[in-house]
Amino acid sequence: MLRVEGITQIFGGLTALEDISFTVAKGLITGVIGPNGAGKTTLFNIITGLYTQTSGKVFLEGEDISGAPPERLAPRGLVRTFQNIEMFHQMTVLENVLVGLHTRSQSGIFSCALKLPWHLAEERRMREEALRWLEFCGISDLAEVEAGALPFGKCRSVEVARAMAVNPRILLMDEPAAGLNSRETADLEVLIRKIRDTGVTVVLVEHDMELVMDICDAIVVLNLGKKLAEGTPRQIQENPAVIKAYLGEG
Amino acid sequence: MKRSVVTCSLFVLTLVWFAVCSAAQPIKIGALFSVTGPPSFLGEPERNAAQMVADGINKSGGIKGRSVQLITYDTGGDATKAVQLANKLIKDDKVVAIIGPSTTGETMAVMPVVEKAGVPLISCAAGRKITEPVNKWVFKTAQNDNLAVAKIYEYLQKKKLNRVALLTVSDGFGSSGREQLKAQAATHGIQILYDETYGPKDTDMTAQLTKIKGIKADAVICWGTNPGPAVVARNAKQLGLKLPLFMSHGVSSKKFIELAGDAAEGIFLPSGKVIVADVLPDADPQKKGLMSFVKEYQKLHKVEGDHFGGHAWDAMMLLKGALEKGDDTPAAIAANLERSKAFHGIGGSFTYSSTDHAGLTKDAFVLVEVKNRDWVLVK
Amino acid sequence: MDLLQQLTQYAFSGLSTGAIYALIGLGFAIIYNATGIINFAQGEFVMLGGVLTHFFLIVLKLPAGVAMGGAVIATTVIGALFERLTIRPLKRPTPLSLVIITIGGSIFIRGVAMLVWGKDTQSLPPFSGEEPITLAGATVMPQHLWIFGITLLVIAANKFFFYYTIRGKAMRACSFNRTAASLVGIDVRKMVLLSFVISSAMGAMAGIIIAPLTMTAYDVGVMLGLKGFCAAIIGGMSSGFGTVLGGLLLGLLESLGAGLISSGYKDAIAFIILLLILFIRPQGLFSKAQTERV
Amino acid sequence: MKRDYLLFLLFATVVLVAPAAFKGGYLLNVLVFMGINTMLAVALNLLLGFAGQISLGHASFFGLGAYLSGILSTTYGFNPWLTMVIAAVAVGILAFGLGFPILKLKGHYLAMATLGFGIIVYIVFNETVALTGGPSGLSGIPNLKMGSLTFDGDLKNYYLIWCFALVTMLLAINLAHSRIGRALRAIHDSEVASRVMGVNARLLKVQVFALSAIISAVAGSLYAHTMSFISPASFGFNFSVELVTMVIIGGLGSIFGSFLGAALLTILPELLRVVQDYDIVVYGLLLIVMTMYMPKGLAGGIASLARRLRPAKKGVVDAQG
């Protein structure tokens, strides 16, 4: 599904990532873990086109997508969420999700301004679909609430609904459980499984080991910008290098 | 009986009251001047002079016993504002005539408005196209550019200085002058070797003058208003440009000599007679009026009256003449304005007719030269 | 006058005008570097320098030195007040609100100057005579040499201030990262105020030394300000040689454009160059550093 | 969303019956210009308020529309309606082409670049004397006609201009509540997240820039045909600043705010006429004070006032309960 090959990223004199390669299998949940500063978020930023890597390549279903900007990746089905939730604060929850449907609608600037009939039909269709995704994430009751007024936990759900509205083939989630309480984390776990069950491949960066070990089908471990290990949760748990890295770090 | 006396006296009182009222009802005259904005050097003296005339009329008992109310608005040199304010004068203030605006552009913009409403307008701008073709409602007091141009070209012809370089400012004044300079060149046998413009805010003209120095011109004509021509004069001196330098009537005030300093020496320009009022022969019909205008203005505003203020002075005086001749309806005023004959004003001796709403001949201008920081008549 | 001689004169004229632009541009660059603000009122400081000097010197008849010193001090006070009263109270400054506030400030200052000193253009006597100096067949005024000299002096002083004094270094720190600067104990607000003080004083100085050449009036600030801004952008908003080179280049191109192409389009040429530079090399012609502007 | 349309309906009704109150006085004439300014402010608000991109050169698009329409109809005798369309299309194409390089810039650099563009256009108006009449302007521009109806009086112009202004407002409201409007607001809140959602921020900005320029050009064309006279002085840097002021004072992103801003700035000179020469000082002061203390403009101020009043009422009810 997704393959990274020899990704290296150097900031100034600092090597943030060094020769990272791994493959994400289709339809599974893959976790990327590692201690702070391991380069997980940098890796995500490179895959999603926000950074341009110093060297290396990214393939999406065999297609080279290295260096493509994020707005070109979304229509190809590669979407991500953010660690510190990038919500559109001044818009309602429903409108947030509608932005997710941007690439799947066509009305241009003129037909929007003139409210041409096909634009109205499209608008109705989009609204229905957006509401469906709100329901999928269990937040239909929040549709008309301004996003800036939501509690943190709900923002996560909105962000997921917004990302799902893009109709991704692969969803990259950056620390989805950060800042959630245990009940919300449990809900999230259910939601992530539900997403996988719709056929979407999920990659997540996460600190919550319990969650990772619970739901991931495969795990990649990074440490200090290098790949440390790769395997099933069980294999990772038993890997001495991983244990050392985690325990050594304290 | 008693009742009828009361009724009668009430009736008489009402009549008297009406009579008093109508006598006290002032004649409303509108004025549009660009008191602020780039052309404020025109608008400010114009406003002052117009107000001075209005106050003078009222002090000496008004026109046919009625006082004059001058309503002045500042256009800021903006054509849009001028149109709005012309509308305001006509529709809200219900003026019988308008003087101004200060610039040709604003006048052109206002013309359709006054024409539609049927209110006479006496413009204080110089552009020739204001009165050509003649518009029934539009008059002007500022001397046409073409007269100033003719004055310069006649002198050049006489001195056999046939090849000229033009340097005009890129605003309404400059472009109107440039048009005339080009249009009249052929009839005076003048050849234009160089024709460039400069921006109203430019602070250095050495590049243009260097270019002029490199061609074989006999004279340089610069058409602009302060401070540009002063910069030209200074730069010409810096470069050692020995050609005779002609300016326009746009700088015919002491301010120009002050700004250009020594560089002003030897510069020629056509001007209204106002700046040389004191050296005019006593026989000149304008002399008396000019002297009193200059003095009166100086008394009120601490500077000598210049010919910009003179445009408004003339406009007010012409209007006064027309009002004295007949009714105060706009139509009557326009008709009587057209009959103004041999009015010796500041800008010249005006004679309007149905085919001429500018009213001046080239005698309105004299050619002057700067000598010892003062103006000298060139014969 | 042959072509070569003409070209020399164009070059001299252009460089003299360019030095004026450079001096004004430096004022822009200093505030921008310390605060990230483009001060659209910078041109008005230049105007104030000239108009105030005229007021002190000609109207109040003070000695020349006192008049100029007074003009610089008065302008500096106005600059500082401007920062204290309009920029500092802003809770959440955005580039947009800063653009509008400084434009508003420039309109306000211009309006007050018009009311106080009238609308007439005024001239000032040059520092040292009006005899043009001939160099290689071209002429310049002695005042031009003053402008060149003072520009060089200002650059030297800037260099010294920003690289060798604690305050200067602190100001540079602010321009790199305000949060970090305040964390290490630099009073960022004081630095912003200081940058306004420096640049208004410099603007006033520029206004004083150019007034004998260009004359002065309440409305000269607009165009001079814009040209100074152009110079600063061409030079990559540096507070040193970049801006000076930018100003000189701008003046040179204007002069050559006016002489060889068309003087009516002189300003258009300047702004077309500005646009091209912004489109192609937004970091300025002379700097390599990539900054946040694209 | 529904509220905006209701408000619009109410507003349109007021606009349509308003002339009855003025009986052809001078104020009607001011209202005509207010309509043109409203169009311009709404157009600029699309760019400034929705897309968050400043332009200090918008008067140039207004001027280009006025001159293209004016020259084609006066000198070449085209039908004024046709010239309006030509002007709109030509300016649209120009703005679209210009948008790509210019909108790459941000903040002050964008302000400077648009300002520079405005000055270049202004100089071209001044210098191409043969075409534009130069600084003394272009006069004798024909009025718009519709069958036997010539738009030459204040009342006729009022309805003509306000029809366009109302349509402009309606288009802007539509846009704000559509896919494009949402994407623009998303860019404003978080450009990164909007890009990840597949919003092509750059293309959208350029499109809005072009649309904004087109509306301004139409306003320019209307201006030329109602005034019958145009000169470069109306399209300079000062007017560009005035337009930005209208949008900011009215409230960024608020369509009705743009009307309020345009209305205030059109009426302001009338009010300030009592203070005569001091008007420029008051204007500068207003710009500073409004930006400092009312960052959300008149629209934001009114909205927060309304909000403050409402909870107060509720509080009273609570206290009684």
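Every chain is named by a letter (A, B, C and D) in the order it is written, and numbering of its residues begins at 1.
Note that a contact is a pair of C-beta atoms (placed from the backbone, for glycine too) under 8 Å apart; a residue touches a chain by one contact, two chains touch by 3 or more.
Computed from a predicted model, the values in this text were never measured in an experiment.
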Identifier of the chain whose CA centre is least distant from the whole-structure CA centre: D
Centroid spacing, where centroids are CA-atom means, of subunit A and subunit D in whole angstrom: 41
Computed distance of Cα centres, subunit C from subunit B, in Å: 38
Centre-of-Cα separation between subunit B and subunit A, whole angstrom: 75
Numbers and ranges of subunit A residues touching at least 2 other chains: none
In subunit B, residues with contacts to at least two other chains: 36, 170, 197
Sequence positions of subunit C contacting 2 or more other chains: 114, 222, 262, 264, 267
Pairs of chains satisfying the touch condition: A-D, B-C, B-D, C-D
Residue ranges of subunit C in contact with subunit D within the complex: 32, 38, 86, 89-90, 92, 95-97, 99-101, 103-112, 114-115, 222, 226, 229-230, 233, 262, 264-265, 267-268, 271-272, 274-275, 278-279, 282, 292-294
Interface residues, subunit B side, partner subunit C - complex: 36, 38, 40-41, 44, 170, 196-199, 201-208, 210-211, 213-214, 226-227, 230-231, 237-240, 255, 258-259, 261-262
Footprint of subunit D on subunit A - complex, ascending: 48, 50, 69-71, 73-75, 79-80, 82, 86-91, 95, 98-103, 105, 107-110, 112-115, 119, 122-123, 126, 162-163, 166
Residues of subunit D touching subunit B in the complex: 24-27, 29-30, 33, 123, 126-127, 129, 134-137, 139, 152, 154, 227-231, 233-234, 269, 273, 276-277, 279-280
Complex contacts: residues of subunit D adjacent to subunit C: 48, 54, 56, 101-102, 104-109, 111-113, 115-117, 119-120, 123-124, 126-127, 237, 241, 244-245, 248, 277-278, 280-281, 283-288, 291-292, 295
